[in-house]
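Next, two complexes with chain A in common: one pairs it with chain B, the other with chain C.
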Partner chain A sequence: MRSKLLTTLLALLFALPFVLLALLAVAPAWRFPAALPAAYSLGALRDLVAADNELLAGLGRSVLLASVVAVVATIAGFALARAITRAVRPGRWEALSYLPYALPPVLLAVLIQPFIIRLHLSGSVGGVLLGLLLIAVPFATLLLRSFWTQQAREYEQLARTLGCTARQALWQVLLPLAWPLLRTALFQTFLLAWFDFGLTNLLSVGKVRTLTVQVFTYVGEANAQLAAVASLLLLLPPTLLLWANKNALLRKTE
Partner chain B sequence: MKPRNWLLLCYALLVAGLPLAGLGYALLGSVGLAGPLATGFTGRHWQALGADAGLLKSALFSFWIASVSLTLAVALALALVLGAQGTLRRRPFPTLLYVPLLMPSLVMGFYLFQLLSRAGWLSRLSFGLGLTHSVEGFPELVQDAAGVGIIGAHVLLLFPFLTLLFQAIYQESRLADYRQLAQTLGATPGQFRWRVAVPVLLRRAAPTLLLSGIATLGAYDIPLLLGRPYPQMLSVYIATRLQRFDLRELPAAYLAGFLVAVGLLGLILVLTRLTRRHAL
Partner chain C sequence: MSDLLRVNGLTKQFDGQPVLRDIAFGLAEGEVLAVLGRSGCGKTTLLKILAGLETPDAGTVLLQGENLLPVPPNERQMVYLYQEPLLFPHLSVFENVAFGLRIRKVPRAVADAQVRTLLAELDLAEHAQKAPHQLSGGQRQRVSFGRALIIRPRLLLLDEPFGNLDAQTRADMQQLFLRVSRQHQITSLFVTHDSREALTVGTRFGYLDRGVLSTFASVREFIQDPRTNIQAELSFWENIQQTAVLTP
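The block that comes next holds the complex of A and B.
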């Protein structure tokens, strides 16, 4: 009985955001004191498929940006984790990788902004990409460090001894072995970029209008309906990831 | 130079070079030696810090939010892990706890604004039930002086994550076996919880708790939506000063950024040493 009550309570607590956002997304005018919308309309959702829809463009921008960050950070992280394992003092490199996490993303953006301006990257996708990679690459590196154990190196050496070229050892031995961890790195770095608002907004000066930036803009304009639609779009990829594989979404505690 | 060394050099430049150069630039900016209106060395921005309580109040407000949020989230997570162990192992609980992790903090902020504000859903329900008779009749739960909305948002995001973490530690540390052993030796369930389970869980989770606290301390999205213009949390305070149109404000913003960055790095160093000293 107590168990059912607890489950129901938490299910309600966690479902309420989705219900309220869905109601807001289909309520063109929902004014105080009405507890439920007076009228429902799918207009905002239908407009999504219009060719010049800003939200759809924002969705595309966010997907592209987060995908590029995920792929670049995972590839770089894999190579860097290997280089760190073979470095003279791997512990120091690992400690260095934590530096971007010691500072909140917005503070990090504040610190690197003068250089982004000097590189003429302010307000551009390139500047935002550089800022996001500054957080995502060390994250992927730290995550993928656990792959490069003595065993992985021995597998690589064995493959080379048996006649594999370096490329064959990478593609046919190491990458299949590392795939579960690589997948987790891809998912998590994607979400890292997907969820970001502060760093993107500050480095892009509001010009790179990703979905999170749009949510904030709509909230500022008191356009709750479009803010809710954008919020629901933001929830879509993580929900799909959870549905596909929850272990990849959250690394198991070591 | 070997390709591996080139790779590490580029990495060092990205993860350490860029932020540390930024820190140096912020320091130079705060003494008038860098920035668009650099006029030569001046200590007036540092001196002005004594007269301006904004940064100190922001820091205190941030510490308040971070400590209360973390304490509440830890208490809730511990209560679930220690009080509902059987329920946590059964479906749909393990999946259910992942759901809040899907939510970007900006969306959580927007949702809580729509739920808790004076014209929000709870206020409408209380009006419908006759508990309140106007918008003003509903208590101020967002953009309030104590940061109730900000704390609520952080607790909602943190406690499911901490529950999953504590649950994993509970299983890995075989605390269920320890519970049986403690009971066999005559300990009450309360004694097992407070003298065995809580210390083990907190010590093993200390690094993650530290990072969660620092992340809450530097939160931006949630306080931007649910906070008041004064006092602001640290990240909002610095970003707001940096984005003002008056370029003469920039050195003060750089100074605030520099001080907060150095303060956070120092805090992490001290807390890391403390948690290592007390680690199991």
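The block that comes next holds the complex of A and C.
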């Protein structure tokens, strides 16, 4: 009975911010000290489907950026993790992979901004992409290092003696073996790029308005309703990804 | 009998440390060369060089007179079997065994028929659709063996393949190996640290110590060589037997 009560209380605490977000999204005017909004309107949500809606464009931009970062970082991380494993001094390379985490992303952005400007990528999607990859690639590399064990090497060698070319060994054996870890890397690097604000805001100089950047803008402008709608949109892809990966995530905790 | 495999002057060093020193031997078709050796004697390096997974510093490897060294591992038709069965967890037992045929793009109907026949021969027919994790250790090793046999390897390289099995399963696998090798006339190089296993599976014998391979002309020579420790082991069991007889 007590544990049931505790579970319900925890579930309520977890759900409360989402309920508040949903209420804010449909409340054009909800002023303190009213406990509930005085009026409700679906106007802001309806505006989402308008062709020139900036929020929807931001959602598209964010999905594109985060997806490209996830795919490129995972592929690069997989290859780099393998190269590090086979390097003469793998420990040194691994330590180097931790370097981007010694700095907060926004400070990293400050440091790389001069290079981004010289590359004529300042304020462009390419510039933001490059910045995000600087964080996501080492992350994926470190995550995927655990795949390249001696056993992975033996699987690869066995596949070669069974008749696989190096490419076939990769596609037919190594990638299926690594898939659970690759999926985790894709998911986590996607989230890393998806929720980034500091680095994206600085490198984009206000020109690449991702959804996360827009949430911060609306919060800054005290536009609670649009901030709530943007936040709900921001939650959508991670929720879908969590749902799609629920089996793998639950299996891990067993 | 002419040699299927001829190895001469094979040498390999790692970081200046010699691992193989001037290895030379020949192997005729259908023979099983059982190589006895302790851990770190160079057994794995020797097998990997033959499989094309390592390159030697010097020496020649000829298979039916053809220089094997420039040939990549996938074209050597030599399968390297590890101590672990290393079954592909994303494939069923059937597809694990069929793997080599699928890679070679053998027509599906032909490949499936060959796999079914081999699975029956290895007493695995009822496990065909199972996932590898549903099998026992011995069954997994049999699948691994089947996956190697299906491509009709010119040479089978076995690196202590039954080392992780319990005594009974290990004995069963040795008998299975013997039966299948004779039936399919498989030529193999079988390395082990167990002298009993070497005597069970081998038709010829070798002893590898600190990178130097000695081959023996007969079983008697192999048994009598003090390095193989077989005489000492025989004496041990004879003493045990005598003590048991004398003890009331």
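Operating definition for what follows: the second predicted complex is superposed on the first by the 244 of 254 C-alpha atoms of A that agree within 3 Å, B and C clash if a C-alpha of one lies under 4 Å from a C-alpha of the other, contacts with A are read in each partner's own complex, and residues count from 1 in each chain.
Following the convention adopted for this analysis, contacts are C-beta pairs under 8 Å (C-beta built on N, C-alpha and C of every residue); 3 or more make two chains touch, one makes a residue touch a chain.
Just so you know, these numbers come straight off a predicted model, no measurement behind them.
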First, second, both or neither for A:163, with chain B first and chain C second: second
Touched partner set for A:90, first chain B, second chain C, both or neither: neither
Contacts of A:155 with chain B and chain C, given as first, second, both or neither: second
Touched partner set for A:21, first chain B, second chain C, both or neither: first
Which of chain B and chain C A:114 touches, first, second, both or neither: first
Per-residue touch tally on chain A - higher for chain B or for chain C: B
Which superposed partner A:172 touches (first chain B, second chain C, both, neither): second
Contacting residues of chain C [partner chain A, same complex]: 48, 51-53, 72-74, 76-82, 84, 86, 88-90, 99-100, 103-104, 147-148, 151, 157
Complex contacts: residues of chain A adjacent to chain B: 2-3, 6-7, 10-11, 13-14, 16-17, 20-21, 24, 32-35, 76, 79-80, 83-84, 86-87, 93, 96-97, 99-108, 110-115, 133-134, 137-138, 141, 194-195, 197-198, 202, 212, 215-216, 219, 224, 227-228, 231, 234-235, 238-239, 242, 246, 249-250, 252-253
Chain B residues within the chain A interface of the complex: 4, 7-8, 11-12, 14-16, 18-19, 21-23, 25-26, 29, 34-35, 84, 86-87, 90, 92-93, 95-108, 110-111, 113-115, 119, 121, 123-125, 127-128, 135, 156, 160, 164-165, 168-169, 172, 211, 214-215, 217-221, 224-225, 234-235, 238-239, 242-243, 253, 257, 260-261, 264-265, 268
Contacting residues of chain A [partner chain C, same complex]: 151, 154-155, 157-158, 160-165, 168, 172-173, 176-177, 179
